[in-house]
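The structures considered in this document are given below.
Common to both upcoming complexes is chain A, partnered first by chain B, then by chain C.
After this line comes the complex of A and B, so read on.
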């Protein structure tokens, strides 16, 4: 029993990273990706994973170099107090968008597929309140709970992918690069933003980890990040194998996949399972994002950590998720065109900038030290 | 207490004064008797014995035999005894006067009488003799009614604290097994005893327990559950945060596991804390039957847990919101059976569940002889007649019955109660938002369970925080050959002074 309830262990952090990356993406990402890149979707995804690994390396480098300080803390050290405010605000705005997009997506899913007559604000409100309650319980409760839910979500998703084996046609994976390399690059752009590039936001959670002797934070995070990437590439391949060129037209690909399952009389109507996986994924991701917004806010403005802000934040998110997207098409454009750009340029750019400054400072420090000793 | 007040409280030399004061305190206590007798040369000196006839066994000849011993030390007999000699006897033989105890103050006398002692006061002696003869009638050791087992020991605890401790101590004969006593209440002064295995119990948990339990000693504790209510973290949680048992083997196993057990005088319930959710899934018998069978039973209980919590709500959600998820043939059967029923599924379920709860409560409170009438009426009313009258569909009756059976299959009554309570919010959520509502309530329940603590330990220990090592004794029970070699038992081996085999 530890008296400090605001820390988590390395395994829990790795679990949170999985929840964060897989989250809602496991259901959402195959569709826009195959729409953009066709059969090359999984290649763009693998390359995007490479981009994510670079980002993760930067994040881990910064974490280690600054002795586990948070992004806001080392930003103050690197670019000064005043410059940190706009940077932090930019971060928070990005986070607001991400949290609301995740929250809105679940409402869209339900109103378009399962419960067509229920207004979407009901799903937005309930989902966000649930996230607020969870985020308020602190990171340790979140880590414990999500570890459990992650397995549940993966189990359900894998179950559907395994039961769908009879409808797979591996020949559908070919031809590759049918329309040249451009569609593949478009896919790379989308998936490098959502979900792989979002690792730059997850960096805010690294300071909560308490390492035991002999543990390596890099190893665990690389492993869990790679595992998450695998869990996203596999469903993409599955949908391509199942639907071929049509994969890009079916929204919520895994959901469509589950509808197709019909093995004897026993395994049919598996849609509900994907519904559960989707709720779990979105809920976990929205909660993590809300928690990160909250952390950014209190660190940026040096506020007291008493969870009072959590409810105003969540109410803001509810209103934003209800008003931000005019239509599903609008959602598609914002999430799969504007958001990846923001993540890659703003988020990735900032992290790269910080890494560069830290690296240069560190080199100078080393040179100075060498100068002293010689 | 000042010295003065202690002086006035001390026994006096004058036996008439002492007797009058005692008679004043014990006035209108019809079961307290005073008996006067004389001793010494020509019966010149007085003595008075006081006892409570409902607690003390006055017919015993032990008293007489023991009294003979007192003058025996000085080779005197009662005929030649004087108060002077008696006083010297008592002073010299103070230590060897067992089982007598020497009482010096009125307080001691009241307490001794109320604990079934026979107290003897002598003329011109400012001390009294207390002789323990407690013989209150007690229930015999029987098989625990609420936790029967096919295999394994059959003895259950009784209301007698010392007997319970005997049963426990005879299971763990090790000095590391500690019993600590507390006295609670100003009037009842009932004893609270908590036991634990030193070095195995988590010291933080023990310290936390001590801190919490010590604050109850000012109040009257009549039953073990008072302590439960006092020390628990979340009073409004539907989930039980301590476990109860009447089986000494369960209690002993819990002690070996590093738990704290609490017993209270006049209550047969042994409280085990801290308790985690997974603890409520097991029984003592799981370890006495073959591991494959007990694993099967554990799985069955998990299924019972899920059914008892969600089946009615799942039915509501599927039949009102997601009929497309039900296989067509089954859906037709359901639609067919619901034809002509005026209520929505939620209302139907609510009526049936409520009448089931009523029946259950009535069955518990009624005298046994009338009890069977309730089940007949219940079977007819909520079974046959409700279907005939088109108030409920047969499928609904099956759902409710299955839920009831599932909640009976959960080995711990406390957990079954919490599921009974939670079923209603689940049903409401399912009727409002279908599967999504169900999911939301499930997540809320999980959130509550994850934030809940029992004596500072997470309530979902071994599930969240996830401890793969504990899973060998969670939903399956691995063979004892593997289980007993676990790290926990290595710790016990070290405690017993033996080196664990590799």
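After this line comes the complex of A and C, so read on.
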């Protein structure tokens, strides 16, 4: 991890955070969120962003207090070597689930809207193979390449949202809280888990950053995270303005939005463009998750960083993606009910626990120091 | 089934081809973990070939977090 090839600068880390948060969420999240919260979906997202900011603050606090160590490293310091194994394995289990869900979603997207007669394992295999090859190249290669792909993804997504302006009806955003506060809280639960709470997983990438004099990691990551949140809230508002209450029934809302674009004879059949954005986002997120699983494994078991485990990891992910979800309803339940709970309670709970222990230890240390000097 | 079997064979061959040298050069602990990782991969490939709805990570997460997650969602609906 200390070699020059495996470090990134702050701008690259901020870019990776954008890729990670926006990733697959830009196309996937508006639909389940509007299905749960209706017109209040964007309020749910804004509140979930607040939850994510709390998690990011904890992650940054831990990063600063433990001199840039990884989650596994400070877990060893805080709860001991033995307890770190089950915690680490729990973390890896979460990561496997996330990587496979992202990979499976690429296959589902293609087989449900574009290439209906192609078996989904083709997409699972190619997607994970690409992710494995990229993750094996190291974090610096990933950061450089994803920076370019991120702009492409954002450009295509923004292009679709701008070209769809003629079909927006801002009145569709009202009324708010039509069915009380509960739907909004349901939306908050979903979006706090996917994608905002997932920042607790991203914490594994912070040790790779090399800061230059005068740089602030907190400032860059807060800015990047806020930009990512904005890039998720805007498409949600756009799909509500375009489809109103029906937005909750259309899978891949941005894709649907692109189908509706007909500007004279020139701008039609824009769905391929948003397809590119979806593939890029999901590919980047799956790659980052695969890289994080690999880092967790080698750090947990103190292995040499020679990338040998990357391919067996990706093979496991390919077959998991192909077998994990029995049906679309099963996918919906696992990704939008169980996954948010896992992220909020397990991921968020662990980070909060580590923050609390660190804070108490630091306070005791300060008190002891004050006692010594007096 | 035959189609899925072919996919598994291709992936296994690719893995063998790609990792044969690096596996031989790697340290003992890495080799052990490599083989341990291939165990769930083999099991899952069997599920994939035979299209069996047997136990996998989805069932595990459902068993661990399914009940409380569903309770929360039911409360919010």
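Here is the rule we go by: the second predicted complex is superposed on the first by the 371 of 374 C-alpha atoms of A that agree within 3 Å, B and C clash if a C-alpha of one lies under 4 Å from a C-alpha of the other, contacts with A are read in each partner's own complex, and residues count from 1 in each chain.
One rule holds in what follows: a residue touches a chain if its C-beta (ideal position, glycine included) is under 8 Å from a C-beta of that chain, and two chains touch if they have at least 3 such contacts.
None of the values given here were measured: they were computed from a predicted structure.
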Contacts of A:306 with chain B and chain C, given as first, second, both or neither: second
Partner chain(s) touched by A:144 [first = chain B, second = chain C, both, neither]: first
First, second, both or neither for A:115, with chain B first and chain C second: first
Residue contacts on chain A - larger count, chain B or chain C: C
Chain B versus chain C as contact partner of A:185, first or second or both or neither: second
First (chain B), second (chain C), both or neither touched by A:123: first
Partner chain in contact with A:272 - chain B first, chain C second, else both or neither: first
First, second, both or neither for A:176, with chain B first and chain C second: neither
Intersection of the chain A residues that touch chain B with those that touch chain C: none
Residue numbers on chain B that touch chain A, as the complex places them: 202, 204-205, 321-322, 324-327, 433-436, 439-440, 443-444, 446-447, 450-451, 456-458, 460, 463-466
Partner chain C, residues of chain A touching it in the complex: 93, 96-97, 100, 119, 121, 125, 182-183, 185-186, 189, 297, 301-304, 306-309, 311-313, 315-316, 318-320, 322-326, 330, 334, 337-342, 345-346
Residue numbers on chain A that touch chain B, as the complex places them: 1, 11-12, 110, 114-115, 118, 122-123, 126, 130, 133-134, 137, 141, 144-145, 147-149, 265, 268-269, 271-272, 275-276, 279, 283
Residues of chain C touching chain A in the complex: 3-4, 7, 11, 15, 18-19, 22-23, 25-27, 29-30, 33-34, 37-38, 40-41, 44-45, 47-48, 53, 56-58, 60-62, 65-66, 68-70, 72-73, 76-77
